[in-house]
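The data blocks that follow each hold one structure.
Two complexes follow with subunit A in common, the first pairing it with subunit B and the second with subunit C.
The block that comes next holds the complex of A and B.
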């Protein structure tokens, strides 16, 4: 089990400074605050959580698109968290890639598809001919034609653009792809196509995904292992089925309850998030980040931070109730 | 997209009468300036027997105080004014774009340094700066171009910087950085094409401003040197003869105004085509 760990993240922290004047105390937004995850080769790690909980930041930190504040990241047992950005650029060799959330901002509007697809390979020193061949091959793989090579992004729909984005990510033959909410900007019928495309490509090329989304049903469909994020922390993680069938953390329960259902009685109650939560990124209080919205919260929940612990085999939760 | 924009541009030109006449006027002026190159007479040839002649069939605009044909002088003057305008525009565009993109892309201290420098340049009245610098360096058409370009890049730098700041946040720029594209390459291949519409719009205004500045400099006597003429220096020479040859002042003055208005009109059309939010002609009819 331990051997096939492709990526191991240990106590990763990413704080963004918030400047409020020169003389005032420097404050931070703790976007990712002490995350530990293991991602196994060939599997999909699904990351769920509400908007702004740090899913995208975590993904971008792992592939070192962002510099990290502290912690360790191992990629194939090699520490990459502390490498300088110039070192990472030369050593990464593009074996880690990313698919963006917004297909409209991910592609340069003035470039042709051929140029967009060539970009990652040109950086590795590939010739123009190699780029074109691989570009055409991958364009076919994502369900588009060679004719599209000379067209520009504005001639395509959102779903087609996302396919181009996926093809671009695969150009350098990566092992690990961060899918940063790749479907949330698309409409439902196109979502299904893109999801199935990602699954097919994973099988064919043996890819490992980190799949971030706030759409729970799609994450369940995609993922082998799931991490539930709240306020920059993983509050629950485990095998996809275990988490869905038996959610342990109160936040996960609320999240799963929030899935719209046609059976109205299935939805038990409205969710109330207390105003303290709005400020939870500056972490003004110690303790469990969810304590102020949690119906089971006791006094000690607001005092100490719960740690992620294994309560069943393959099912971890960070809550004092277990 | 380029074809679509060109179509929009044509439509805008045909609908906006002011812009249409501006374009026709500028084409006329530019063609005249080019065609005068085939004129084999000497524009500076002095003919003392025919000083300050009234407009006639032989000399349409009359002659000046040294008996030179005023029409020829005007056309040669327009040539100088337009050349200076375009070259000074190019200089200020190149400086402004480079400064703006570097400031916006690198941020931090480089940004602060460039933008404070531009603040300093903007804070001192340009006429003082231009006067001092043009007194220090060798006189000639290229030093005028350089001087005007050096003191008019700030507005363009600010525009380009603002646009670069928003572009920098786009995923495709961050991706290019992520896969290891060098900053120079990102600026050249991603940012410059994206800010091009802004630059073109700013360029038309910059030409108008440069012509204005050159005329003012020549009027003050620190611009082009005799016997070379520009519309500004013709205006200055006309001062002495205001009583008996009023048209000598009016003609270059009107030409300066029309040229500047035309460039500004076209600038508005460019802006309307580049940013459909603001319609051309609303600001100046």
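The block that comes next holds the complex of A and C.
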């Protein structure tokens, strides 16, 4: 394994059990189904996909908010996939954190900002004074003031709350931060502010990000490497410019076409990925998960599963057409 | 008064180019803890049959409140202080509650942002649709059922007869939004107000819903007000655009004027800070520093003054007046667009 790989995920699976019907037959939703990724130190891995494709689950598995079904996760060459929750707690607090999508529900409404920010450090056994000092330092870093320490979340706008969420994630001086759709709940003018902030913090503290979003143009802007996820699998991955400028997988093409453009006059073709396909088909059918929505699908697509393979240097795709 | 409205409607059909709705000097206030907070003021705009008017602004800019004022569904502590809303020539703000209820749903329909909270989780989709249809069109049970199926098919829900018996939680976000559209269009309204109809949806689902709206809008020749904060969606859908900020209309113009020749500093900043496929990747994104003004701030001058890079002393102290350009293009700014180009 190379030295600069911070996180390496091998064949990660996370199945959620569901019981349905009179016979209570046990079935599984395969939220993450055999994902392999490497995240390099100081870089941003962008994860794109629609809701329900498993990108949040993948992020939460890596920082071990969820127990994994099978597979391996290496953090700095140390296997953390099988650690017990008590063991994982210390390593998570020290080096891995998450910024959540919805800044309205991610902060406890009855806590002051000071208490919200202190929480991760108190878990580590830091003193109150240390917490306050670091809290003030980080609030300044995210563009807020010390005065805000005694205020409560409802007094802030969405953008400011997301800044507090980012400051909280950085309190324990992590190396790796999962950003789970951090800007999709924000206004356009504030989105750009938060994106710039995340980039500045990355440069200053040498952070490594896993950045999940459904908007490919934002992911491309943030990331060095992009992974496109569909139905629990990575269907395409590569350097962000390569994926963006020359998408290979039919699903990536659709995703890219769907982004409304301000300056382009071209009307979008109607897209027929019915969301129903997303959660059922991958569990029931063998074969390519996208085969039932794909306009290029042939018979053999529905039979065998395509594997992720390198078709150009630094550009992988899981499709039978390449 | 409602009868008068119906008569005007007949007359209106003959002169198709007549305004469908005209909003004059609308001002809505909130009463909160004994304070009076002005939420929107000096709102003036018109909408013609068959056109799609985009209303763009950040959260808190007053776009939803404007629409709620028009529909008469304001929260209890809000009040329309002055202004007129002439719908087919009749001021609908003066209608009695009973008359307004006839108007909503039948003449003016609304689609809300969050398709989960807009539907009653304890009622089937069939119940929702039949309620709207039987209230406004009468007809027997059989008629409303048939009409409900027809509408669901129209919005692209397969197996309409069976899916109708299901509850909202059994539908995905995009499907729920289709149900809301079916409800809103079931009485063939002349005006549809869509409040952020695709914001809560995935990009691929967005395209489906927008294409559906566009198709139905042309089919029914219905005027649409599309509220959104996504300029990409605006550019795709709208014929005319209003930009709102801090409770004021900052700029109004046709789509091409707003997108390609914006004359207000706020519109320009919004366009610059949006990420777009056609633009290259800059090292840093352009941002508008600061946050939109809160209702508690008492503003003497222009609401955008604090975040505007062209702001001067005058902007702080005096409320600007509209600058007019060709084809009804106007901006609320002390400076003309050409002047801004030079600076």
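Operating definition for what follows: the second predicted complex is superposed on the first by the 299 of 322 C-alpha atoms of A that agree within 3 Å, B and C clash if a C-alpha of one lies under 4 Å from a C-alpha of the other, contacts with A are read in each partner's own complex, and residues count from 1 in each chain.
Definition applied: a contact is a pair of C-beta atoms (placed from the backbone, for glycine too) under 8 Å apart; a residue touches a chain by one contact, two chains touch by 3 or more.
This one's a predicted model, so the numbers in the text were calculated from it and none came from an experiment.
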Which partner does A:306 contact after superposing on A: first (subunit B), second (subunit C), both, neither? neither
Answer with first, second, both or neither: which of subunit B and subunit C does A:109 touch in the superposed model? first
Once the shared chain is lined up, is A:196 touching subunit B (first), subunit C (second), both, or neither of them? second
Per-residue touch tally on subunit A - higher for subunit B or for subunit C: C
If we overlay the two complexes on their shared chain A, which of subunit B and subunit C does A:247 touch? Say first, second, both or neither. neither
Determine, under the contact definition given at the top, whether A:157 touches first (subunit B), second (subunit C), both, or neither. second
Between subunit B (first) and subunit C (second), which does A:98 come into contact with in this model arrangement: first, second, both, or neither? first
Is A:227 contacted by the first partner subunit B, the second partner subunit C, both or neither? neither
Considering only the defined contacts, which subunit A positions touch subunit C in the complex? 50-51, 157-160, 187-193, 195-196, 199, 214-218, 220-221, 254-264, 267-268, 270-273, 275-276
Residue numbers of subunit A touching subunit B in their complex, please. 63, 65, 89-90, 92, 94, 98, 100-102, 105-110, 119-120, 123, 152, 154, 172
Would you mind writing out the residues of subunit B in touch with subunit A in their complex? 1, 170-172, 174-176, 178-181, 190, 193-194
Contact residues on subunit C for subunit A in the complex? 58-60, 172-175, 202-208, 210-211, 229-236, 259, 269-271, 273-279, 281, 284-289, 291-292
